[in-house]
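In the two assemblies presented below, chain A is common to both, partnered first by chain B and then by chain C.
Up next, the complex of A and B:
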């Protein structure tokens, strides 16, 4: 029990003193996950819009597919991307294995279905009349789509937050694709896994606190956005 | 309050049937060892022979050396088999480890890309090799996980009196196999134990570039948790395992273990520290 207390005290010390090694790790985590979500978002929103308001064959099958992909395990994504990017793999020439870009690719695959699924259900609540009115008023289809998206903006932000929460807490893909290289691809979750395997718990706890705090903030944000969305 | 927390946890564990059976169970020996030992396949070869002649089953927990020693320090395992002599002796002197014996040794080799940009090929002197890697600005993959291999690597840099440029030195904080894979992907140099190397070499575009320096010598030791500090460990089992693994027959088995026709470990029947315990 004293070990838990000692490690926690040491962890708080690391956080407060702004231990540079710790903050590098935190920075890598946020930077990689943010990039993954921001790169995916425009495409995911576009697909979600098509699924919500388009009328085409196979639409239902696509919706089911994205819903199934929600359960995609991070380690499976890790393994697949690893094999693709590996020196002997089909994309080996890109030399992206064990780089941050590689991690971003893995996290894009992880957060994409979630972005589509949540923004799809948000866009479904938008009234078709918004679209029709915009078109009648002379808007191009693109402008009309943006108008619809603006109407459900809180839902879309909620989708961003939830996806960010998913990828920043993910360990399997980051570990396998990133390789947990200090100052390059070591992020919060892989660092926790490493520190635990080293038997050095203080840094693990400090990083765990950051992860929990960010999850808490994200969920407050999510709740706020959903509240806003529901109030309208 | 802590005792309340503790007893609640314990109750939950017992209710869930978790540790109630395995703790203080004298039919199992919990042994922590390093990933490199586990990866080499030696334990799968040795332990069944121990189990068939003794009333114990060995549960192997393979982790980095740092974690393995910590498990022993905290009484979470009965015995450890690791290769980090200084750290082992420290645990003995602090009274956490008892009955320490030398078991065997293997060696480390420096591997790197086949085109060998640092021109190490054929170097025997490990310090010279480290200097050549640093001078040629070649990428070096470090285990960075406080393992025996990591400790050895750090001591080699120290011996060589040089620090690699920080942008050409990558700490990965993972096991030996992973370090070799990353070195292969990034065409970098790394230090590996020969056992893991032999298991991975067919899959990797790397080759041995420096070997044979006595500095690269890697002795393995075994020791038990101190029964005076932790009464619920299986001390009798641990001692039986230590006695057995340093016995003539077991030492013979160690010498006969090969991968691809190559002997991996050299037994140390009259270990330097044989007087301990």
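Up next, the complex of A and C:
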């Protein structure tokens, strides 16, 4: 018990003093996950729009495929990408294993289905009238699509927040693809795993607090956005 | 710009044929009121015209340039603006909504601001410019939608039930705006199930009419009254007309001009006469219809002939000849409806083409009975039974007649029963209802005509 208290006190100390090693790790975590979400978002929104408003064969099958992919375990993604990127793998020439870009790829695969699923249900709430009104007022199909997206913007922001929350908290893919290299690919979750296995709890707890706080904040934002979307 | 659509075909969501329209032309600056039952495809038709829904088949003509609907698509989307029954407001300010189209067209911001301000002034919405458009009332939304469309100077404006679910004040303001759009030379098509809207706004009425199982086509039931133009010609910005004037136009629409048009029903198939055109059968050297015209001329103001075959021969008599407005050989009710739509009288007198001995007192007696009983329909009776095709019918029944035909009704008696109907006894004119159905009857009638002639000399 006293060990837990001592470690927590130490952890708070680290956070308050702005321990550079700690903040580097936090920075890497946010930077990698943000890149993953931002790269995925445009494509995910486009697909979600097609699924919500397009009329083509196999649309329903695609929707359920993306819903199924929500259950993709992070370690399995990590394993697959690891094998693809490893020196002997088909994409070994890209030399992306144990790099931040490799981590971004893994996280993209993880957050993409979530982005599609949530933005799909948001875009579904936009009526056909929205699209028709835009088109009849002279908007090009692309402009009309952007208009529809703007009309459900709160839902789309909610999709961004939820997927960011998912990838920033995952361990499996980051650990296997990134390799937990200090100051390069060590992020919050892999650091916690490492420090805990070493028995150095203070840094682990400090990082845990950051993760917890950001998760709370994100979920608060998510709730706010969803409320705002529902109000209109 | 003249705009026309040809061979418009569309199915409904169940895959059944919905409508099949040979020609739908939109003269420049005209206001067409489009009516039709629920499910007849009014909204679908408008969306096809606006390039928002893909028809099974359609050809489009701009001026005289003819092309497929697909090839015309971008031009349709540019030139035609469709307004939903409940207009969609973008989640932004009223000014933002009005400027939407201009912004998408790449018009510079400063110019958009000026034009939006001008447009909002035009529609009297300036005070709402900064409000979120979603928070407006239904009537205000409709006016924003009209303003948003007008600022793009479309060639054609399609209004889907623009006045439904609106209180009186909002309606009047909307009507005023629509009228002013018309004065600016923008063609409009308005769908409505309220017939009197046509009086307030339209100069042509078309009805999407059922002509077979799950198939609709366009008929043109009304000719419009002079009184309406008067209302429409009011200067922009003038206050909505006094009640007095409105009442006048209302009566004009429902009752038509104060005169009487005879409709000779010659549209039948004459199955028992080997399909000969009955009206043209010669009796002692003169076509049967000539006897009828002679008898009717002194009794009525105008004559219209309803026929479906040998139109040129009928036209020789110098009177308008109208074909059935729907179906193929649906019977005398369609002939009556066709006659009503082809004239502007407040009442018509119908007679069949195969009864040559029309009594000289037919119109006056039917009229008396109509007035005394305040009836919509006045029918002759031969002393034993009703003779339904010898009738005087008020224009005000036309909408009900079209609705009845739309529902598949073909029986005269059943439709008459829906109205205040008066019957007049003509048992003192025993020959009046003799008609020719067989060659034997023809010989008898010819003999009778010869006898009558002899009696006169």
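Quick note on the criterion: the second predicted complex is superposed on the first by the 232 of 232 C-alpha atoms of A that agree within 3 Å, B and C clash if a C-alpha of one lies under 4 Å from a C-alpha of the other, contacts with A are read in each partner's own complex, and residues count from 1 in each chain.
Just so we're on the same page, a contact is a pair of C-beta atoms (placed from the backbone, for glycine too) under 8 Å apart; a residue touches a chain by one contact, two chains touch by 3 or more.
Bear in mind that the values here come from a model prediction, so they are computed numbers and not experimental data.
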item: Contacts of A:130 with chain B and chain C, given as first, second, both or neither; value: second
item: Contacts of A:198 with chain B and chain C, given as first, second, both or neither; value: first
item: Contacts of A:86 with chain B and chain C, given as first, second, both or neither; value: first
item: Which of chain B and chain C A:55 touches, first, second, both or neither; value: neither
item: Touching partner for A:184 - first (chain B), second (chain C), both, neither; value: first
item: Partner chain(s) touched by A:98 [first = chain B, second = chain C, both, neither]; value: first
item: Chain A partner contacts - residues on chain B that touch it in the complex; value: 2, 5-6, 63-64, 66-67, 69-71, 74, 144-146, 166, 170-174, 178, 182, 184-186, 205
item: For the chain C and chain A complex, residues of the former touching the latter; value: 47, 50-52, 77-78, 80-82, 84, 86-88, 90-91, 100-101, 104-105, 134, 148-149, 152
item: Chain B partner contacts - residues on chain A that touch it in the complex; value: 1, 3, 86-87, 97-98, 179-184, 186, 190-191, 194, 196-200
item: Residue ranges of chain A in contact with chain C within the complex; value: 127, 129-130, 132-140, 143, 147, 150-151, 232
